[in-house]
Each structure stands twice: as structure tokens, then as C-alpha cells.
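Both of the next two complexes hold chain A, though its partner changes from chain B to chain C.
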Partner chain A sequence: MSNNEHYQDHISGKFNSELESLRNQLLAMGGLVEQQLVGSLEALQKIDTGDAETVIDRDAEVNRIEMSIDQECAAIIARRQPTASDLRLVLAITKANTDLERIGDEAAKVAKQVLRISDDAESPSKLIEVRHIGEHVAAMLRGALDAFARMDVSQAVEVVKRDAEVDREYGSAVRSLVTFMVEDPKCVGVILNEILALRSLERVGDHACNIAEHVVYLVEGLDVRHGRLDELREAISAS
Partner chain B sequence: MSWVSASIRVLVVVLLAGALGAYYGIALEAITAALVLVILFWVYQMHRVQAWLDNPGEAPPDAFGIWGELLTRMYALQRQHMEAQAQLQSTVEYLQDSFAAIREGVVMVDDKDAITWFNEAAEPLLGLRSEVDNGQMLTNLVREPDFKDYFLSGEYAEPLQYQVVRGSEINYLRVEITYFGKGNRVLFVRDVSDSVRLEYMRRDFVANVSHELRTPLTVISGYLGTFADSSSGFPDRYQNALHQMIQQAQRMEGLLKDLLWLSRIESEKRSESLEVIDIGSLFQELKDELREAYPDCTLEPIIESDRPVRGDYQKLYSAVSNLAINAIKYSHCDGSITMSWHVEGENGFLSVQDEGIGIDPVHIPRLTERFYRVDDSRNSSTGGTGLGLAIVKHVAAAHDAQLQIDSRLGEGSTFTLVFPLGG
Partner chain C sequence: MSNNEHYQDHISGKFNSELESLRNQLLAMGGLVEQQLVGSLEALQKIDTGDAETVIDRDAEVNRIEMSIDQECAAIIARRQPTASDLRLVLAITKANTDLERIGDEAAKVAKQVLRISDDAESPSKLIEVRHIGEHVAAMLRGALDAFARMDVSQAVEVVKRDAEVDREYGSAVRSLVTFMVEDPKCVGVILNEILALRSLERVGDHACNIAEHVVYLVEGLDVRHGRLDELREAISAS
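Up next, the complex of A and B:
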């Protein structure tokens, strides 16, 4: 709350509303990307090519919004020359924007894999691993965006912690899928497509984690990227 | 105690001091000293009032004269004020408690789309957190695009139903929004997953049953066809029975076909990739098809506009064909049947008009129900399946169109599909 109110104390009311609207646009884009991710997971669940096509088509919309947010950020930097926390907000938004767009791309990739998987015979893995990781990263993305909306560092830290878990699960999922390939060379094709979808979802987790780190940077002014989680924890306990 | 007596007191003190001073020959000094004392006393009293005002909950200090009176009155006012406030507060709390006790999620939002209050039930439904989320933009936390578009549109005549995915669970929420005050809104949110799932189950059930029934029926009518070809081998008394069996089997096939088609129209999401449909060629195709089946009837297409409709050709064709076949059946080709297309303003009107037996107005509201028949005997003299208008209604809904029915007993009926053409 206090952080949100902070953006209301500019002398120029217009500047406030510009920053506020930028934040709202980013979160609206987040909502769209969440829908894309959930849509691609649903398509994967049902192997529904119609849903998959919808996701692929809508990716263009995500790209368009990304560009418009970027332009607006550039305009704000040029016109207002923000400093301190305002600057951090604009920077965090540009970065989160890029991450969201990448998540949109990964969701479209998963949808493309659904189209390929639908052509193949039924997978022996029953897609359990992929679905599991999918649910995990969807929850991470939601957590990261919630943390961004609330400027909530502790929620952001939760997301960062979860990423390690996803990486672990990704490793074991790949191992179990490789076992299927070893057992039955006929299913190499379909399992390979599954692994590609899995890889995309794992990347979504990484991007969600990045967004969470941008939240920490935005609120605390601390750069916690590249595995400096302990530093982050110290900072939080100190503050 | 009035200001007069207070003034008299001051005057008495000053005059006494003056008289005493005059006795000793220092009248002026004595009066000055008395005035200074009086002023100091008043300042002291003011100080006490001020000290009390810092902590107005306590009883006021005792004070002398007009000061005491002032304090008592102020205290009374203060008490009144506090009582009124407590009463208001308890009313507000009472109202909020009653909202909080509602099992539906309730969220209040101000004119800038920021959350001002929400009850406990809203937390799990919308993923809100009490304490921290007041003052947040609602759409920043409830980010589903369907919800966002509905919320920001400001058009809340129809409630919204949207899908929420949490992990492997898919839930459906129904949101109703009402304005109050200046731009403030109150949202009622309910989890309708159970009824939506039930609806899906019903739909799937109908589709599955129709599908399962079709296979045995194909076998039955296949053999019936073979029997009919060699009907000379049957005794005469079975001829009629055989004929009826074939007829009823055909009717059942028609019924299953319509049920399957209906469940397809119903379950398909509104397709985003719509084709451009030229109504003129649709009418022409329909006319050609029906000429074969009903050679005695003439359908008259009237095209007054070449504006196309965006939609699904197959579905629209089936709707218009159902209307045309109804018109043929209920007018027995008595009088003319017209199919017309014209545009007025932003709406396109596709109507099918006959001069047949017409419909009693009491039936019109229920006409599009499945298997609803105007005559209770449920006889099938017309050979219809009872699903035609249900199909028309669902096709209309899939195209955002409205089905209007105008009819008078004995004078014929007009069925009109009104399409919004904006954009």
C-alpha cells in the first residue's frame, strides 16, 4: 500500500497517472499472457488443436501490446526523466514487459507442439510430467504478477524459491521421458515433442522468476538476479 | 450565567480595587493591577480549556463562572457528537457485517476502479488478500481478460460468466456488477462451476446418447430397407406394419440427426473466424434444394440489400432451411412463402413469411423449446422432429442475432432473424 501511494505524491498529477496507467497496462498484458499460458496448457491437456490455434493466433496481440508498452516507457523516460523509485518502476516495467512477451512466445510454442503431438500416436507418458510442470509455472506466473500488483516482496521471494523446485522437476521429468524413448524407439518422435513443450514451460518458469526479481528490484532497489537469493533474504530481514 | 453577570463580576472586582486604591491614593495603579489579575485569571482558564480539549474524552475540569458554563456546554456537545458518531459507526459496521456474512463474494470498487472493501468470501474466489488489497486496482489483481473487458466496459446489464484456472481445477465464476453513488460499483461474485459442469454433462449426455442410438438404428433401418425391396414375400397384413416401421425409423433418424446437430451448435464456442455469407446465394441454394423435396411449393426469395452477414454458412443455412420447411408444412403450400433480406440502419432482417395456419400468441414464448408442440396431441402429422426452432434459436444466439416471431391464427406467421451488422 505505502508503495502504491508513493506514486501519488508527484507534483505533476499527469506524471502520476502516466506511471499508474503504465503499470495497469503491464498487468493487463500479464492477464493476457496468463490466459495464453493457461490456454496452451488446456490445449495440451485435451490435445485440442482448435484451442492451440487460438493461442498461436493471439500471440500477435501480445507482441503488439509489448511494443506499445515499450514505446510508452521510452516516452516517459524522454519526457519526464524519472529518478529514484520512478526510474526503477519504469525500468522494472520494461524488463517485465520483455519477460511477459517471451512467456507469450513460449506459450505459443507449447501450442505448436500440441499441433505436432496431435499428429502422432498417443504418448506413452500420458503427458503427466508436462501437465504437472505446466500447473506449477502457471501458479508462478500468477504469483509474480500478483507480487507486481501488490509490490509485495515476500510473495516475489516465494516465486523465486519455487523456480528451483521447477528446475528440479524439469530434470526428473526429462529423465523419465528419456526412459520411454529407450524402451520404445517408436515413440521417440512424440516424446521429443513433449520434451520441447516441457522445455518451453521450464522457460516460462524462469521468466516468471525474472519478473519476481524485478519486483524486488522495484521495491527494495536491490538487484537480486543470478542466484543471490541469500542476499535477498538478508535484505528482507534487515528491512 | 450570562455575559451580563460575568461583566458585572469583572466590574465589581475592578471597582472594589479602585475604591481600595482611592483610600490609599493609588486608585489608578490599583485598577491596573486588578485588570491585570483578571486577565491573568482568564488566561489561566483558557489554558485549562485548552488542556481539556487535548483530551476531550474525560470530564471537563471544574471552572469558575462563565468558564464553567462554557465547559459544561462544550462537554455536552462533545458527548452528543460522539454518540452520533458511534451510532453511525455501528450502522456502517452492521451493514459491512451483513455483507461480510453473505456467502457470495462482495467487492466494492470506487470510481477509479480501486478496491475499497471486500468480504471474506471474495478472497478465495478472486484471489484477493484482506488488509493489503484495499486501494489496489481491481483489474490488476483479477487479470482474466474476459473479466477485465467486462469490468472496464461499464455495461453491466448482463452478468458475466468467466473461466478461472487454478492448477488442474477449472472453475466458473459469475459476476454481477451494480453502480451505486458516483461511479462506485459493487460486485457480486459466485462460483457457478457446479451448475456449469452439470450443464456440460447434460449436453454431453444428449450428444452421446444420440450417437449411441444411431448405430443400432442404422442396422434396423438398413434391414427394413431390404425387407421393403422384397415386400412381396410378406403377407398382406404385415405390409402396413412394415411401411409404418420404415416411416418411424426414418423419423427417428431425423430426430437423432437434429439432436446431434443441435448439441454441436450448442457446444461450439462462438467461432472467431467467421465467413462472409451472401444471403442471396444462400436463398438460391435453399430454393433449389427444397424444389426437389416439395415440388408443389414455390419459395420466393426477395433480396433488397447485398450486404453480407458474417457467420457460419452451414449453421445459418440449417436455420433458414428449418424456417422454410416449417413454413411449407404449416401452410401446406397454400399461398406464397417468401424469404426476404433487407437492411435497416445497423440491423439486417432475414425473414421467412408464410400464409399458413398461424400460431396462437400463447404458444410463442415457448415455441423454441425442444419438443414443444402447439397441439398437445403430440401427433407427428407434419413429420417434424420438434427441434427445428430450437436449432434456429441456437444458431441465432451464435450469430448474436435475435429471433422474432410475429403470427396470427389463420393469417400466417413471420419468423425474422435480426442480425447486428455494425462494423
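Up next, the complex of A and C:
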């Protein structure tokens, strides 16, 4: 029986309904944060201030759910005193919960950049880079949440792998946007807002990557944070 | 007996040496991260690539210590099955540990901006804003660590209060740097690197603020995240 099957079995068999409910709460939080991210990207694409404001307003709900999940994690540890993989699950949920809340924050920041861009309509925007990276990190978040839901290590590794691509794309997009700024100084304001939105999206990729790493930690018991991707794959294939 | 005295008493009396050692490890991690932040600010002030590289190299050590503290937290929960304030301490340490590691990341990002700024010497830099905000967030980090070491809620509240100032200063610095960019397009590259360094510093302020909020949670048992400062003060004075 692989670690993965063992883990699945453990979830369905021995975890009590509290742990199962906690895991579902995290996945629901993930779904809400994904909506927030997609909403902020749509607002950015259409420079739609109404959509942007919806995202900004809903950030308070994300924050409330984060606190409630954390309280539930603490209550379960105190009540059930879990050890081994049960404890690992609760600790991974509290860490992933923080990452999701920070992704929600970044989505709200992107939405705030939309309000600034809409105020500052001197120039057509160069939103193509932002859209591309936005789609990329939204797919990473979806992948990380799926990997968490199915405890799928190979999907988690794919998410980690994509993060390196996003970082490269971010660097190259910033360089090209700087060239536009130099060529056309009246675009400086708009383009700076785009660069700051890009940086938020790059951060979303980092957090999605963290969530994927928690999946590896859960299933394989390996702490793969801060490791290079090659080492991660090697460690997984050796385990 | 105030909550604070109760807490201090509890630490000295009942916490065993494992918990005390865990707390000391977190404070040592805090000291290292503070050095990283100050080092990155000095490198930025002098555009010193040697200092910047030292900060970048030492980030791996920060990452190793983060993982070791997290492992220790999980081991203590599994071994000792703490409840109430012992459990709160361990959970607050694991959260503060994440914030410290992210501050270390931001310091490394500032150091990387120094390498880019040194490559791109078209224009004198407008580093005055960066220096000012840098000093501000370094003081916040020091305050948050002191508040954690002494379980001092009023100092923690001061840190939270300063974060709002940093956010205002950040906004005003970015606006003034954009004006420079528009006036002198050949400075665009240098100034953008400064804006990105500023954004990293603003993020350091957010993480210092999170650490201060963990102190309030520890001493008062209040989860003050996402609350407005007034509500925080009100909740504390009512408790």
C-alpha cells in the first residue's frame, strides 16, 4: 500500500468528523479565495471598478473564515490531542489557511490597483502580460487545491514546478514594461500599477506553491520547503 | 493578578524546558532576521553589493532555522499534548516563525534590488524615502520581538499602530517616485527598483504587525487579526 493509499484510508476510516469537517472548511476557503483571485483578474481585464469593489468588500469574509479555521484547528488539537498524521493534517491546514488568506489579500491588492488604473487613463494598458501571468497563477492555485483535496503528490509537484516559470515570466514582463515606461513617460502611472499587480500575482504563485508543499509534507512526511525542485523530486522518488 | 502576570508566572513556573527552549529559538531566529533586514538596508544605503550578497547567502540559514522550529513545534505538540495557554504559545510560535521567515525573504529581495540598482547607475537614487521607511519597519520588527520576549501587550499595540503610518508613508513615497519617473524617464529603471524595495519593506511592516498580534493573542487570548486598531484597543481595555 502506497503512502497515498494509506493516507486516503486513514482519512476515510479513522479521522473523525471534526477533522473531515476542518478539511472541508479549508477547501471551501480555497474555493472562495479562488473566486476572489479570478474576480480580481476579470476586474483587471475589463478595468471594471464594480467587480473590483466586490472583491475588496469580500476580503473581510475571507479574513473571518481564516480566523474561524485557525480557532477550529486549535480547538481540535486541544480536544483530541492528535499525533502523527492527524497532527500533521491539522498543522498543514493551519499553514495552508494562512497562505489562502494571503492570496485573498493579494487579490484585494490587485482589485485596488484596478481602481487606481481606472483613475489614471492616460494611456492604453499593456495588460497582456498581467493577463498571462494571472491565468498561470490561477491554474496553480486550482492545482494546489485539487492536490490538497485528493492528496495527490504528483499534482503538487507540478504546481511547484510551475512556480519557477511564473518567476521567469514575471522578471521578463517587468523588463518589457520598464521599456514601455522609458519610451512613453506619460504611461508611467498606469504601467507602475500593472507592475505592482504583477508582483501581487507572482506572490499568489508563491503561496500556491506553499500549499502544494504542504500536500507533499502530509502525504510523504517530507518537509520540502526551501528545497530545489530536483531535490524535491529526488526525495519523493526515493521515499 | 493580571493576565500578563499570570502568563509570566506560567512561563517561569510550569512551562518545561522544551517550551522555554522553543521560545528562545524563536527569539534567536528573530535576531537573525533582524540582522538580515538591517544588513539589507545598509547594503541599499551604500549600494554595497558585497553586503547584499551576504544577506542573500544567509537566507538559506534563515530557511533552515524556520523548518527546525516548525519541526520542534510539531514534536512538542505530539509529545506533550499541550492545552490552553501552552498550546496557544506553541501555535503562536509556529505562526510567528512563518512571519519571520517571510521577513527574511523580503530582506533577501531588497538585497537583490541592490544588485539591480548597482547595475543600473544611470541616475542618482532617491533613496531617502526607502531609508526612512526602512528605519521605520526595522523599529517595528524590534518592537514586535521585544513585545514577544516580554509578553508586553502595550508594546505590541504600539507596533500595530505604527503599521498604519508605514502604509501611509509607502503610498506617499510611491507617488513622489512616480513623479520623478515622469520628469526624468532615464531614471525609470533605478526608481522602479526603489519602489519594489519599498514594497518589500512595507510587507516587512505587515509581518512585524502579525507578530505583534500573536503577542496579544497569547497574553489576552484575543484574536485581533484583521481588526481595526480602535477595536483592538477597545477589546484589550475591556478584557
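Rule of thumb we're sticking to: the second predicted complex is superposed on the first by the 218 of 239 C-alpha atoms of A that agree within 3 Å, B and C clash if a C-alpha of one lies under 4 Å from a C-alpha of the other, contacts with A are read in each partner's own complex, and residues count from 1 in each chain.
What we mean here is this: a contact is a pair of C-beta atoms (placed from the backbone, for glycine too) under 8 Å apart; a residue touches a chain by one contact, two chains touch by 3 or more.
None of these values were measured; they are calculated from a predicted model.
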{"item": "Which of chain B and chain C A:M67 touches, first, second, both or neither", "value": "second"}
{"item": "Partner chain(s) touched by A:S154 [first = chain B, second = chain C, both, neither]", "value": "neither"}
{"item": "Touching partner for A:A78 - first (chain B), second (chain C), both, neither", "value": "second"}
{"item": "Chain B versus chain C as contact partner of A:S176, first or second or both or neither", "value": "neither"}
{"item": "Which superposed partner A:L145 touches (first chain B, second chain C, both, neither)", "value": "first"}
{"item": "Superposed model, chain A: greater residue contact from chain B or chain C", "value": "C"}
{"item": "Touched partner set for A:S21, first chain B, second chain C, both or neither", "value": "neither"}
{"item": "In the complex with chain B, residue positions of chain A that touch it", "value": "1, 4-5, 23-24, 27-28, 30-32, 34-35, 38, 41-42, 54, 131, 135, 138-139, 142, 145-146, 149-150, 152"}
{"item": "Residue ranges of chain B in contact with chain A within the complex", "value": "127, 129, 132-137, 139-141, 143-145, 148, 165-168, 170, 272"}
{"item": "Contact set on chain C toward chain A in their complex", "value": "60, 63-64, 66-67, 70-71, 73-74, 77-78, 81, 83-84, 87-88, 91, 94-95, 98, 174, 178, 181-182, 185-186, 188-189, 192, 195-196, 199, 223, 225-226"}
